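In what follows, a structure is listed as structure tokens, so that the remarks can point back to it.
Going in written order, the chains are labelled A, B, C and D, and every chain counts its residues from 1.
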Amino acid sequence: MSQSDTKFGEYGGQYVPEALMPAIEELTDAYERYVLDNEDGFMDEFEARISDFGGRPTPLQYAEQLSARYGVDVYLKREDLLHGGAHKLNNALGQVLLAKYMGKERIIAETGAGQHGTATAMAAAHLDMPCEIYMGRRDINRQRPNVFRMRINGADVTPVDIGRGTLKEAISETMRDWATTVETTHYVIGSVVGPAPFPAMVRDFQSVISEEIREQSIEKLGELPGAIIACAGGGSNTMGAFADFVDEPDVSLYAIEAGGSSLTVDEEAGVAPHSSSLSTGEDGVLHGARTKLLQDSHGQIMESHSVSSGLDYSGVGPELAYLVDEGRVTPVSVDDDAALEAFHRLSQDEGIIPALETAHAFGFLEEVAGPKGDDSVALPETVVVNVSGRGDKDLESAIEETEKRDLENAPDMEVFE
Amino acid sequence: MSQSDTKFGEYGGQYVPEALMPAIEELTDAYERYVLDNEDGFMDEFEARISDFGGRPTPLQYAEQLSARYGVDVYLKREDLLHGGAHKLNNALGQVLLAKYMGKERIIAETGAGQHGTATAMAAAHLDMPCEIYMGRRDINRQRPNVFRMRINGADVTPVDIGRGTLKEAISETMRDWATTVETTHYVIGSVVGPAPFPAMVRDFQSVISEEIREQSIEKLGELPGAIIACAGGGSNTMGAFADFVDEPDVSLYAIEAGGSSLTVDEEAGVAPHSSSLSTGEDGVLHGARTKLLQDSHGQIMESHSVSSGLDYSGVGPELAYLVDEGRVTPVSVDDDAALEAFHRLSQDEGIIPALETAHAFGFLEEVAGPKGDDSVALPETVVVNVSGRGDKDLESAIEETEKRDLENAPDMEVFE
Amino acid sequence: MSLEDAFEEPAFVPYLAAGDPDFDSSLAYVEALARGGADVIELGLPFSEPIAEGPTIQQAVVRSLEGGMTPERFFEFVEALDVDVPLVCMTYYNLIYQFGPEGSEPVRPFVERAAEVGIEGFVVPDLPAEEADLLRTYCDEFGLDLIFIIAPTTVGERLKRMMEHVSGYVYVQARLGVTGARADISEQTEETLARLEAYDVPKAVGFGISTGEHAEEVIAAGADGVIVGSALVDIVAKGHENGDSVDATAAKLQSLAAELKAGALAGMKRRPRPEGT
Amino acid sequence: MSLEDAFEEPAFVPYLAAGDPDFDSSLAYVEALARGGADVIELGLPFSEPIAEGPTIQQAVVRSLEGGMTPERFFEFVEALDVDVPLVCMTYYNLIYQFGPEGSEPVRPFVERAAEVGIEGFVVPDLPAEEADLLRTYCDEFGLDLIFIIAPTTVGERLKRMMEHVSGYVYVQARLGVTGARADISEQTEETLARLEAYDVPKAVGFGISTGEHAEEVIAAGADGVIVGSALVDIVAKGHENGDSVDATAAKLQSLAAELKAGALAGMKRRPRPEGT
């Protein structure tokens, strides 16, 4: 991989400690040989495992009630049905398998909401690799079920007590572990972020989503869909759903970010009450890559916020930042309230409880095409929404957040005594 | 359906209040027309929906670590990947769709652990039908996540305060609702139990499992597997996994029941500390069918027990009772300890956290072929275990039950402060 | 006296769960009903899964079972009863099916023992005509009646088929649903009675009747008898909860029984006289 | 004095986070290090995501940021410092990248301002040679050194390529991992020094050195200097926690500095004398 291959326009690169550079070169080499060139049949094995263990292909389902509501044909790409409950396994399984091909003996990963951590723990158990997951103390205490899952899958979960104890700190801490153990250990990063080759590699493992969407659309519709809509935290389900369509100018691509409670920033407190780095962030360097970031005027990284912990990140994948600058991808912010409302709508109208992350993508539909929609965007006749994950992990927090609000479609929970 | 069609040998039948009989005749007629004869393309629509909405086909996965451990090829039928997390949706979606074809306006169902209730709530939301789920008060309080899921999917959840407040009471109460509302309402029963035509109809909706196993085995192995292993509560995943092989004498069929804490019964207290109705139960009539039951010497139904609430039922499907009497199905009891141990093994070795119900089926493998196995059963070269559901619903209780015991492979949870 | 004979004048058919809340009190309560004017008594043998009962009778079942009721105790109860009205045993099929020594053929021992203690018939809510062959065979052998429930949903061919097998009386279910006292009389009752008009067998209406007024209306509408359960069980339950004396509760039962019987008789008077008499 | 000149005799290179725990105390601490014998001082400009630091320096970063440290305050800090040793700024790339008025080209304003206040070089832990072109351009323009870290994993071709671009000194990372005081000296240090022997540039070893004895050994093994961070930051942290006076903490820093410098000098004496002298 030549130097220029590490970049997407000006974004990307490899801003990491020197100690990691040899590992990153080794990884780049492995990525090129195994993933890009299918050496030793790596990709064949990956595809077999992600089918049999992961449950691919996932369906492309026609959503009857939403289609009626929005007056366009809405299709759902059902990544929520993947083993573990989210698209995360595509990447985790790919990387753990790659680590095995590279002769690594140990897996580490960071996790925020715990989805990437559980996917990595599952993949590591499946492939018989020891695994350690770093997770902020706060996240551990608010994401109990996922911590249980990781431990039950045999992974070590190491609390990160530094800072606010959330995803940002967990990533930093995992990088520190990697800097110590790099010779034997592979760091399975959880989204299309970090130093090259991670953003491209994670995208490639996730791009099975868009390859399937293409095939299934042609089979079901006889043509490509008019738009793909996906929520964006780091952006891995987004890039996975977009990858195969980036060069299809007639397919609109919408990346839906967390608007949190507001887009107004409290610079004094170092906190952005949202996670809209594509729409509002500025060019900077974080966790190994140049990208769009939430930062204060001095360049310190700001804490982000979202009702969905999986979107609660101050950065975003460099390729997405690039595609937004190029005008190829349209970023849209959807706030906490709209996401919760969409969470309940999909659950009640389609019988699918989405992850709160995913709910943002549906919030976008309601905002532009719902009965009170602002019509700012004219939707094409057919749209595909990527259902990046299921909401089982979010039940308690969705209820709690719903109770704080006055949502029209909130169910009540009076059955408990 | 002639009278004799309602029976499996001497088991089965229609022991229900007269008020329900016309509805049962109507249902029988609908079952024959739509399900058996595919009238109006019912089965085509069912198959399309269970694929797109449900995520069929589910994979048949080779289990590397278990195969190595047991010295036979172990394949996993991944019903845990079905939407909702268990095989239950096959039946729930089929019945809700049938209710729609029958012109019913409302769905009711009972639930114990909440798996059938959530599957029914999802199917009803998907098909835009109002839905009410009866659930014992005790079960409501110990299965919070599933109650959340049902409510979030828009179903009403009605607590049953009578008796011990578990599944048995919930079924009785749902039958009472049905007796009142039978003209407009369909009762979606959750397993291969109840009056005819339910046991046959539920089996038929579930038999997609065995049809897929057959196809996938031939594709992967070039032949049928030597044995199918499935856990049995009411027996719907069991019958679903067996159906297509009942007439294949070379395929052994194992129904694994909950052995609970012991097979010794406290008749005085009316409690069986297990749920092994196939192995230990006696012929009787419960919830509309003649079958094998846990009952005292007077014929009063005994409370059952299992660490897995989905197996915690005093009866069992009449067809299974019949096949056991015929010698076609071998029933085996696996106790709570062995199930928990198997739960952890599958999680750690294969990266799949099974439902506690499902774990019983794996406990059987360990008991006959594990390092300390008793060798009582000689396993054939290839076995398929039906992974009837995922364990997300069981995390808290699995941890709690694990902590009470001294299991070799128990993970500890010291990460929480 | 046969069951049919009990319906010569409008009959009052009370139900109580035997042994609710205990053996001896329950004997006193059943006898109070007889004194109050019962023409037939339906005695419940409690089953742990009473799927056709509403909350009132479910609780009675729980009390009776906790009081130690078993099928054999039930027969002893019947033997100990000092009443001069025909008795019908109301129970669920599994208890009938299980009764008898290990290895005996099912059902027959129960019917035999019932006949022995003087039971005249059975009502088995979870045994529709389709599954009743075995029980009917033994009822015939021992000369007992098998009473079927006719629901509001029992119509057309099905109704015809069932009426061919009826003996004793038919239990006309007043409305869809489960047992339980209600404040009104259902339209469904009249429709069902109309459907049954042509059949020459006593029709006793149950499900929801609780007062003399109800009873009067039902009989006026053409029924030959009223079956009353939950309203009576309610009195037992309240007496038990309040710690009232057995005599006090028995007196209340007798008084409601008398009211219901009087209502039934009054209903007869309101019937349009058959033409030509 | 240029950075290279500072290594004529075995050099002691301390690190502190500027502004830890507050502006004025931190000035006193840095000056104490100079009095203790520092030959070069690495001054940390804290970044919110210090991915190369262990817990000790992470906490220093938090204290400094909470004390109001910003890049501009950092430059004021350097201006306010009264020391006579070369200063190196150690920070993360995003702060360098963001500095300057809205719309200005990135990186140049930071380097310009650093040069203005007298900074002589940079260590940027998250900027490997591959990404350093821009920063190097401006360093060249303003005459600053860009110091690279050589890790135990930096070998072969990669090492050669990097050494072509080195200026000032090389920061030899003693072991894999992050910063933090440790009780032993790593074998990896000797191996790395051996690999670097052929290159004629001062080699300063850091990561884990905490005592005069360590310093002595490292220099004896062939290093030209020792870099010490966490052991010093520890003193600041403890003083802060215990509420010690600034003078007391400064005295401790000066004393550890003197010990480390003495150790470095002692290490020189243990070196095998070059043959033929």
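In this section, contacts are C-beta pairs under 8 Å (C-beta built on N, C-alpha and C of every residue); 3 or more make two chains touch, one makes a residue touch a chain.
All values reported here derive from a predicted model rather than from experimental measurement.
Steps from subunit A to subunit D, minimised over paths through touching chains, total 1.
Shared contact partners of subunit B and subunit D, listed by label: A. Distance between Cα centroids is largest for the pairing of subunit B with D. Remark: subunit C and subunit D have CA centroids separated by 96 Å (rounded to whole angstrom).
For this pair, subunit B with subunit C, the centres built from the Cα atoms lie 37 Å apart.
Rounded to whole angstrom units, the spacing between the C-alpha centres of subunit A and subunit C is 65.
Taken pairwise by the contact criterion, the protein chains link up end to end in a single open path, with no chain closing the loop. Every pair of chains that touch is listed here: A-B, A-D, B-C. Interface residues of subunit B, counted against subunit C in their complex, comprise 3, 6, 13-23, 25, 162-163, 168, 172, 175-176, 179-183, 270, 284-288, 293, 295, 297-301.
Contact residues on subunit A toward subunit B in their complex (touch as defined above): 51-53, 55, 58-62, 64-65, 78, 80-83, 85, 121-128, 137, 140-141, 144-145, 147-149, 151-154, 157-159, 343-344, 347-353, 391-392, 395-396, 398-399, 411-413, 415-417. In the complex of the two chains, the subunit C residues touching subunit B come out as 47-55, 58, 62, 65, 70-72, 92-95, 97-99, 125-131, 148-155, 158, 162, 173, 176-178.
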